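Same chain, two partners: chain A is paired with chain B first, then with chain C.
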Partner chain A sequence: MSLMLNHISFKPTEEYHLNDISLRFDSGKMYTILGRTLSGKTTLLKTIAGLQTPDSGSINFEDTDFLSIPVWKRNVAMVYQQFINYPHLNVRDNVAFPLKQRKMDENLIEKEVQEAMEKVGLIGFESRKIQELSGGQQQRVALARSLAKKAKILLLDEPLVNLDYKLREGLREEFKKLFNVSDESNSILIYASTDPLEAMQLNGDIIVIDEGKILQTGTAKDVFENPATAKVAEITNDPAMNINKCLIQDNSLIMNDSVQIQIPDELKSVPNGKYLVGIRATDIYLDDQGFAFDVEISEISGSETFLHLRNNNLKCVATIEEVKTYNTNEVVKINFDKSKIYLFEESGDLRHSPYQQ
Partner chain B sequence: MPKLYTFLKYFFVVLWACFVIAPFLWAISTSFKDFNSVTGGATYIPWLQFEPTLDGWSVLFKPGSQGGINIIGPYFNSIFVTLTASLISIVLGTLAAYALSRYTFKAGIVKNNDITFFFISQRIMPPVVLSIPFFIFLSSLGLLDSLAGLILVYIVLLMPIAVWIMVDFFNRVPREIDETALIDGCNPFQAFFKVVLPNSVPGMLVAGLFCIIFGWIDFFFAFILTFTKVQLLPVKIVALNSSITPWWSLSAAALVSVAPLIIVAFIVERYLSKGNLSGALK
Partner chain C sequence: MNFKHKYVFLLPGLIVLIGILIFPIIFTVRLSLSGWNSFNPGLDFIGLKNYIRLFTDDPRFWQSFFRLSFLAITTVFLQYIIGFALAHMVWKDIKFKRFFRVLFLIPMMTTPVIMTVIWRTFFHESLGPLNDFLSIFGVQPPWLSSPGLAKVSIIVVEVWQWTSFMFLLMLAGLLSLPKEPFLAAAVDGASPFKKFIYVTFPLMAPISIGAIIIRLIEASKIMDTVFVLTSGGPGTSTETSSFFIFIKGLREFQMGYAATASFTYLIIMIISLTIIVKVLTKVLMRE
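And now, the complex of A and B:
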C-alpha cells in the first residue's frame, strides 16, 4: 500500500507553489519534508489532505484516484504549526470529534479517546477547556485528535515550531516514540520541518524541497553526507553550509586574493576551473596561523557561538564550540578543515563530497 | 506611578459615568413633574423641591379618548419588528459573511471586497434618498402600513451591518479551524454548523446588538411607511407634541423607549465579558 504523487503542479500565481512533484510514500514509514519557509511544504501537505486541488498531476492511494475523493472522506489526519483545536469543545470532545463524525459506537469512542490521551500524556485534562491549556498542551490535544482517528495518512506541518525550546525537545522525543508505536498501524507519516537538526533526529526518509521543487530524496545520512546540490547543502544545515565561489588552479583552492588553501589529496584529480566550495560552519575552526576575518555579527546559541565573518567579498559563518563574546569588526584568525570540503559545479551540482568513496 | 495611574483611571471613569448617568437622573426627575414644577425654576429632588405626580406617565398608557397616546400597541410593534428584522439580518448576514470570508468570488472585476463594500454602501446613502423607492416598492407589494413591510425595509437597513461585522469576525477566525473540521470528516456544511457557528456566537451577539440598536431607534422609515394601522414607538411618541411641549411625558417616554436597549446591552456585555470565547481563537 502506498501513496503515489505523479507530476503534481500547482501554480496559483506567477510562481509555482508545487512544481512537477512525483513522490512515493510507503505505509509504515516516516518521511520528513525539509524546506525553508514558503518552499511549498504546507501546500504539498494540503494537497495530499485534499484541501488544495493541484492544477495538474494525479495522486493514487491504495489504487484509488485520491483527487476524486473530497477531503472529508480521505481519512487523513493533520496537525498544524498553529495550535488548531475546536475552542467550543473541551479536551475530550476535541479528541472525540472525528470519531463522532464517523458515527462510531460511543463505547469504542471512549476507548479510543482514552488511548490517544494516554499516548500524548493528557490524562486528567479531559474536561478542561482548550483556552485553559498551555501551547504545548494545546498541541498535544491536536496530536491526540489526529492519533485517535487512526488515519492511514498522518500529516504533521511543523507541529513543534511554535513551542518553546524545552517543550519542543520533550515533545520531539515523544513523537519518535509515538511514531515507532504507530508503525504497527501501517500508516504513512509525513512530517514537514524547516529545521535540519529536527529532520536528522526524526531519522526518517528526507525529502528536500525548495521553491516547489523536489531537490533530493534519501535517508538522513545520505542527504547530509552527499547533498545533491549546493542548495540542498544550504537547506540541510543549520547554520546553512557556507557556499562560496572559488577557483581551482594548480592544486590550490582560491576563494579570494588572500584566502587560498592547498587542496587535499582526494581533490587533486579535479581539473582546474571555477567551482563552488562548501564548508560547514562546524568545520571552520580558530587557528592562529589561519586567515584573518572580520567579525560582522556574533551570536551565542546554547553552548556555541555563531560568528558571521567577512574577508573582503568572502563571507562565511563559523560555529565556535565555546561561549565567547566577540566585538564587531574584531579580527579573528580561522582555518578550514580541509578533509571536510565539498565541491560543487558552478551549476550547483555536487562534484565532490568528503564522504564519497 | 501605578498609583497615580490607578487614580486617574478611576477619576475619568467616574467622570464619564456621571456624564452618562446625569441625563437619566434628570429625565427620571422630570417625568414626575407637571407644568408648574417644570417651568418654576431648576428643581431636582421630589418631595423636597417639587410635588411628584404620575401625570407624565399616565398619558403614555391612557387611550386617545382620554387625552393619552397609549404606547403599548406601538411598543410591542417596535419590539416585534426590531427583533424579527434583526434575527433575519443576522442569520442571512452570517451566512453571507462566511461565504465572503472563505470563498473567492469573481465576476469580471467584481471580487469579494467589492461585494462586501456593496453591502455597506447601502448605508452610505442618506435615508431620504431611499424613502421614495421604498414607498413605491412597498405600495406595489401592498405592504404599506404593515408590520411585514417594515420588517422587509429594516432587513435592508440592518443586514449590511451584520454582514460587515461578521466578515470582519470570520476573517479573524483561522481558516485552519474549518480545514481541520473538513479533515476530521465534516462536509463544508457540517464544518460551518458544527464548528464555525458555535465559535461565532460573540460576533453574532455584537452584530445583533448593533442591529437591534439601529432598528429600534429608526424614526424616519417608520414615519414614512406607516399611517394609522401600524405605528412604531418613535412615531407614536411624537404624537405627544402639542402647543405646549409636555417635558414630563416626553421624559417618561424617553425612559420607556431606551429601557429595552439598556437591557439588551447589559445581557450582551455580560456574555462577552465572561470571555469564554473571546480569547479562544488565536
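And now, the complex of A and C:
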C-alpha cells in the first residue's frame, strides 16, 4: 500500500505553492516534511487531505484516484498547528466525532475513544469543555481524535509549534511512542515541521521542501550529513548553516579576503575557483590564535550561546557551548573546524561533504 | 470620587426612565383598577372587577391571545427557517454574493404599513393581481375575507417583511463562526449535510436563540399588519391581543378595561418568554 503523488502543482497566484511535487509514501512508515514557514508544507498536507485541489497532477492511494474522492470520504486524519477542536462539544464527544460520522456501533465508539484518550493521557477529562483545557491538552484532544479514527493516512501539521517548550518536549517523546505503536496499524504518517531538531529526533524519512519544491529526500542521517544543496543545509540546521562565498586558491580557502584557512587534505583535489563554503555554527570555536570578528548579537539558548559575528562583509553564527555574555561590538577570536567544512558549487549543489567517503 | 452632588448627574437618566417606563406601568396598573370609560371618565376605584370580567367573562380576549401565539410562533418559525437558509446560501463564496446579500435585506428597509397596503391591493379579491393570475386556473380564493385564508395572508406578509431581519442576524452569526471546526469536520468524515447538522447548527445555537427571541417579542406585537390588511376581520378571526386592546381602549374607550387587558398580557408574555428561552436553550444547546 502506498500513497503516490505525481507531479502535483498548485499555483493560486503568481507564485507556486506547490511546484511539481512527486513523492511516494509507503504504509507503516513515517515521513517528516521539513521546510521553513510558507514553504508549502501545509498546502501539501491539505492537498493530501483533500482540503485543497491541485491545479495539476494526480494522487493515487491503494490504486484509487484520490483526487476524485471528496474530503469526507478519504479516511485521512489531520492535526493542525492551531488546536482545532469542536468548541460546542466536550472532550469525549470531540474524540468520538469522526467515529460518529461513520455510524459506528455506540459500544465500539466508546471503546475506541477510551483507547485513544488513554494513549494521549486524557483520562479524567472526558466531560470537560474544550475551553476549560490548556493548549497542550487541547492539542491532545485533536491528536486523540485523529488516532481514534484509525485513518490510513495521518497528517500532522506542525502539531507542537504552538506549545510551550516543556510541553513540546514531553509531547514529542509521546509522539515517538505513539507512532511506533501505530506502525502496526500500517498507516502512513506525515509530519510537517520547521524545526530540524524535531525532524532529526522523530527519525523518519525527511523530505526537504522550499518554495513549493522538493529539494531532497532521504533519511535524517543522510540529509544531515550530505545536504544536496546549500539551501538544504540552511533549512536542516538550526541555527542555519553558515554559507559564505569563498575562493579556493593554491590549497587555501579565502573568505572575504580577510579570512584565509589552509584546506584539509581531502579538499586538495578541488580545483581552484569560486565556491560556497558551509560551516555549521557548532563547528566554529573560540580560539585566541583565530580570526577577529565583531559580536553583532549574542543570545543565550539553554546551555549554549549563539554569537552572530561579523568581519566586514563576512557574517556567521557560532554556537558556544557555554553561557556567557558578550557585549555588542566586542571583538572575539574564532576558528573553523577544518575537518567539518562543506563545499558547494556556486549554483548551490554539494561539492564536498566531510562525511563523504 | 467623593462628590456631594454626584447623584444629581443621574437625574436626567432617571427622569427619562421614570417618565417613559416606570410611570406608565404604574399608571396602567392603577388604571386597570378603575372603571374609566367614555361615560365615567376619571380614576375611580372599582377593585378587581375588570380582572374578574377579563378572566371569567371574555373569551374574545383569550381567543385573540391564542390566535396571536399561533401567528407569532408560525411566522417566527418560518422566518427562522427561510432566514437561516438564505444566510447559509450567501455565506459561502457564490457568484453575486454581495448582490444577494443586499437583495435579501430590501424588505426590512421598506415601511411595514406601506408594504402592507401594497400587499392588501395584491391580495384584493376582485382587483388584485394575485387573483387575476389565479383566475387562469379558474380559482379566486377569498384571501382576506375567509377566516382561514386571512390568517395565511397575514403570515405571508409578516414572513415577507421580517425574514430579512432574521437573515441579517443569522448571516452575522455565520460570519462570526470560527473556520477551523469546519476544516476539521471535513477531514473527520462529515459530508456537507452532516457538517451542517453536527457543526454549523450547534455552533449557531446561541445566535439562533437570540434571534428567535427578538423576533418573538416583535411578532407578539403584530398590529399594523392586522390593522391594515384585515382590521381583525372577517369577524374577529384575525384579531390579535394588541389589536383587541387597541379596539377596547381607543375605539370603545373602555380605558380601565383595556389597561387590565394590557397588564395581563404583559405578565403572560414575560412568563411565557422566560419559559421559551429556557426550553430553547435546553433543546438547542443540549444543556
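Details
Here, the second predicted complex is superposed on the first by the 357 of 357 C-alpha atoms of A that agree within 3 Å, B and C clash if a C-alpha of one lies under 4 Å from a C-alpha of the other, contacts with A are read in each partner's own complex, and residues count from 1 in each chain.
As a convention for this text, a contact is a pair of C-beta atoms (placed from the backbone, for glycine too) under 8 Å apart; a residue touches a chain by one contact, two chains touch by 3 or more.
As the structure is a prediction and not an experimental result, all values here were calculated from the model.
On the shared subunit chain A, the superposed partners chain B and chain C overlap sterically.
In the superposition on chain A, contact is made by A:78 with both chain B and chain C. By the document's definition of touching, neither partner reaches A:280: not chain B, not chain C.
Once the two complexes are laid over each other on the shared chain, residue contacts for A:86 go to chain B and to chain C alike. After overlaying the two complexes on the shared chain, residue contacts for A:130 are found with chain B alone; chain C is out of touch. Superposing the two complexes on chain A places one of the chain C stretches 1-9, 55-63, 163-171 or 271-279 into chain B: stretch 163-171. Residues 49-51, 70-74, 76-78, 80, 82, 84-88, 97-98, 101-102, 142, 145, 149 of chain A are contacted both by chain B in one complex and by chain C in the other. Note for the complex: chain A touches chain B at residues 46, 49-51, 70-74, 76-78, 80, 82-88, 97-98, 101-102, 129-131, 142, 145, 149. By the touch criterion given at the top, residues 174, 176-177, 179-187, 190, 195, 198-199, 276-277, 279-282 of chain B touch chain A in their complex. Across the complex, chain C is touched by residues 49-51, 70-78, 80, 82, 84-89, 97-98, 100-102, 142, 145, 149 of chain A.
Residues 178, 180-181, 183-191, 194, 198-199, 202-203, 205, 285 of chain C touch chain A in their complex.
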